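Contents: one structure, followed by commentary.
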Amino acid sequence: MSEPVYLDYAASTPVDPQVADAMDACLRDPDAMANAAATHWAGRAAAARAQPAREQVAQLIGARAGEIVWTSGATEADNLALVGAARFQQQRGRHIITALTEHPAILESCRSLQAEGFQVSYLSPNGAGLVEPESVAAALREDTVLVSLAHVNNELGVIHDIAAVGAICRTHGALLHVDAAQSAGRESIDVKAQQIDLLSLSAHKMYGPKGIGALFLDAERCRRVSPLLHGGGQERGLRPGTLPVHQVVGMGMAAELARARLASDPPAILALRRRLEAGLLALPDVQLNGSPEQRSCHIVNVRVGGVEGESLRLGLRRFALSSGSACAAESGEPSPVLRSLGIADHLALSSLRISLGRGSTAAEVDALVAAVDATSQRLRALAPA
Amino acid sequence: MSEPVYLDYAASTPVDPQVADAMDACLRDPDAMANAAATHWAGRAAAARAQPAREQVAQLIGARAGEIVWTSGATEADNLALVGAARFQQQRGRHIITALTEHPAILESCRSLQAEGFQVSYLSPNGAGLVEPESVAAALREDTVLVSLAHVNNELGVIHDIAAVGAICRTHGALLHVDAAQSAGRESIDVKAQQIDLLSLSAHKMYGPKGIGALFLDAERCRRVSPLLHGGGQERGLRPGTLPVHQVVGMGMAAELARARLASDPPAILALRRRLEAGLLALPDVQLNGSPEQRSCHIVNVRVGGVEGESLRLGLRRFALSSGSACAAESGEPSPVLRSLGIADHLALSSLRISLGRGSTAAEVDALVAAVDATSQRLRALAPA
Amino acid sequence: MDYPAAVLAHFAAPRHAGELPQGPGAVFSGRAGALAEGVVVSFQLRVLNDSIQALTFRAYGCPYTLAACSLAAEGLQGAPVALLRDFTIGQVADQLQVPPGKRGALLRIEDALRSCWRAWDNSQLSRSSASRSDP
Amino acid sequence: MDYPAAVLAHFAAPRHAGELPQGPGAVFSGRAGALAEGVVVSFQLRVLNDSIQALTFRAYGCPYTLAACSLAAEGLQGAPVALLRDFTIGQVADQLQVPPGKRGALLRIEDALRSCWRAWDNSQLSRSSASRSDP
């Protein structure tokens, strides 16, 4: 297999060298070794090391440092937001709204809430993969306490109009949770302007370390949720466990770099994405999944007609790309997200999610286009008429 | 404040340089960057990087690699063990046994289970701080499904006779969970010989990184528990979220080093502890809390009579030590653990938990003894007769 | 997604794929499967003296399916046509280490080959009935 | 556990702690608090011409309590004894930036000083009643 090419930045990104430097320094620094909750000099030193990170993450999304709760990733942040807020709000109502296109961390949290007696409306996207604000408005009920919608969908890359949904939720009184794992550092986010009450982040989607994430909780609208984990009372009682100082420092640095590069990175990646789209869509029987316009800079999802998906991926195996959310091992099942767009199973199975990042190059993009062309031609030639 | 001295190794340990090296290499290695659940080359490379760690952790406790589930720390492992096993077993019974001396991660998990309708027996320790196997046997009921007991208590350092408790639980049919956060790398652990069904570990208590831990689940006795987090199905569906490869590699390396040093580290630390105990107990009105014999190498807990606790700690402030579990900021409340031993509140408040580690020296120990002597003399001279 | 070497080799260079080469004898074909199943397989064979003079396949399917078609086609060159009636893919699947979850799709290979045999068998019947009715 | 500099200074070198120095005048003392409360405070004072000639304290308590005793003792040197009746610790507490949660313990300082005053006041009464009953 000649030079492998990584095109799965939506699944995970490499750690920025500056982030790695900061983390490494922290791992070796005696002043960062203690339990940050301890009141002695060592504990206070560790807490001081971690403190700027809360600020850095808050700034990326227009929040205040005190509104950030550290978690082990976006999966935990999503769970804490949904299960925690739903349980905490249940006197007010037990109805939740989300979309069929959401990440498993959202959908499975909702299923577990259904088992507790909550009702969940799963909205269908339109043909472009977007949940329209009007359909959120139409689904709101008197007992709706929470709406959860991804900012950028992880499979399609489509961008939801969060500000519009935020305004609708604010008028109604329901809380709005936004999974911003894919959009942070790619789209600008302002939780106050967009009227977001809870927001999930993951460091490893923005060139930070795996195993650390954050949940934003609006100080006025959503000070408390029911914790999922119980213990020593850290993170205002919302999330116990010894603070992983190096992880938090890494995420803070990643957030700061992402903010600094928000004006330069996304346009550069967008240019590559356009090149990739132009190349792919010029091939016979290749179609875009999801909206062509309302789409993040880094994700392309296409269906390749006339070829079987697994053979297509084997033909492309020097490219690391995904056929759906790369969360668990590919199951051979068609992506529920593509299904919810009305795409036939065999075309869902021969769809490719290609995601670009800081390391991507035009040469890589061109190589992929050429390989899709060659592989699909070869497989189509093999196929019965 | 002249040279600060760290004596809080039970709260957290510095990261071993070899562990930091392994983690740093991993953070910078393109082959470790991907989502380990992805089936492409990059995903498989990341999974391959992480795999030995499961083996390394398993070996430290006499388990098999397939019996290890990664968590964000011992807090999450404790929660998953207690809440997960209790919910999964609840058809068989809804009674749980634990001890008043357990870590908040255990006690608060039990409180949350009580809110779900489970019944919990909180056993009192004897005067030496130990829960006797006979009192576990006496508390077992027909509907007892789970017993949870720390191997080494984090405040007192006392060691429970886990094998004896294991035999009792096995005969009865209840599952045994052991919090081994303090004992791993200090006491030898063999989950099969000790008949442990679930066991919690934390990397940062054994010279590994913060923010990563593991739960052992015996393959025969306890294949499944109800997950606390919902998402992409990683870790056999028991714990979703992108695998934090560098964290896992760090914990694996820490476990391997701990195992390699099991014959040399604990005796060296024990010698220091004896020196410390001899020094402290020779001072007027200083008494040991907890059993003098059945005690881990690294923890000493003493009460200093005739002095107020907060002033004592201020007098000792160049020493990082703890007055209880350092989990959350010192509350000013007497330690519930010391209270459960029948120690008066003012003496619980003037108790010190001193914990030693690989970096500790005889000079540090002697300096602490001298400082306790000087401070307590000075404060006693100030106190009314 | 790590395939056995033999599967990769057949996938990279399938044998007896595509058009049947020119030659003497009668041509029969068979097809099975559907897009919605994720597998469509077709075979063509040229028969001379009741034996398979040449056999080719076309397939839309996973790498195991493609490799199994290739290996099966290889093995059936020169075989008596009658063999196709009870041909089973098990041995080919074993040779290619096809995992259990993937074996279902391979049954379509048996179906397509049986359908080839049926076409041939029908032609035998009609020829013999033709010779009977046209003495 | 980060204390204001003034608290640290008084903690390190408390003023007017311990034994009352020798001198003319009558000695009075007062005490308040209990071990179980985490605070025990005692004051001794020597009075000449109804004013505090010297005042010392002893205390078992948190650093704020010790510093407040020290600062209060400092401030009361030379003051009229009568002042102790309504002495409040608020100003001392403000000066030392004592956090709200720690102010409760400081009330024992007021109690102990009031108890000193009461002892002195009682002695005045008995003296005047003595003088009355013993003309």
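As written, the chain order gives the labels A, B, C and D, with residue 1 at the start of each chain.
Everything below uses one rule, namely that a contact is a pair of C-beta atoms (placed from the backbone, for glycine too) under 8 Å apart; a residue touches a chain by one contact, two chains touch by 3 or more.
Predicted model, so just to flag it, every value in this text is computed and none were measured.
Each chain gets a centre from the mean of its Cα atoms; the one farthest from the centre of subunit A is D. Pairwise, the chains sharing the most contacting C-beta pairs are A-B.
Averaging C-alpha coordinates per chain places the centre of subunit A 33 Å away from that of subunit B. Rounded to a whole number, the gap between the C-alpha centres of subunit A and subunit C is 46 angstrom. With centres defined as mean CA coordinates, subunit D is found 63 Å away from subunit A. The mean-CA centres of subunit C and subunit D are about 106 angstrom from one another, to the nearest whole unit.
Contact of a single residue of subunit D with at least two other chains is seen at positions 1. Among the residues of subunit B, those in touch with two or more other chains are 39-40, 313, 317, 330.
Per the touch definition, subunit B reaches subunit A in the complex via residues 1, 4, 6, 8, 11-15, 17, 19-20, 23-24, 27-28, 30, 33-35, 37-43, 72-76, 78-79, 103-105, 108-109, 111-112, 202, 204, 209-212, 228-234, 240-247, 313, 317-322, 325-330. Interface residues of subunit B facing subunit D in the complex, by the touch rule stated above, are 306-311, 313-314, 317, 330, 332, 344-346, 349, 379, 381-385.
For subunit D in complex with subunit B, the residues that touch the partner chain are 1, 3, 11, 14, 17-18, 31, 35-36, 38-42, 58-63, 65-66, 101.
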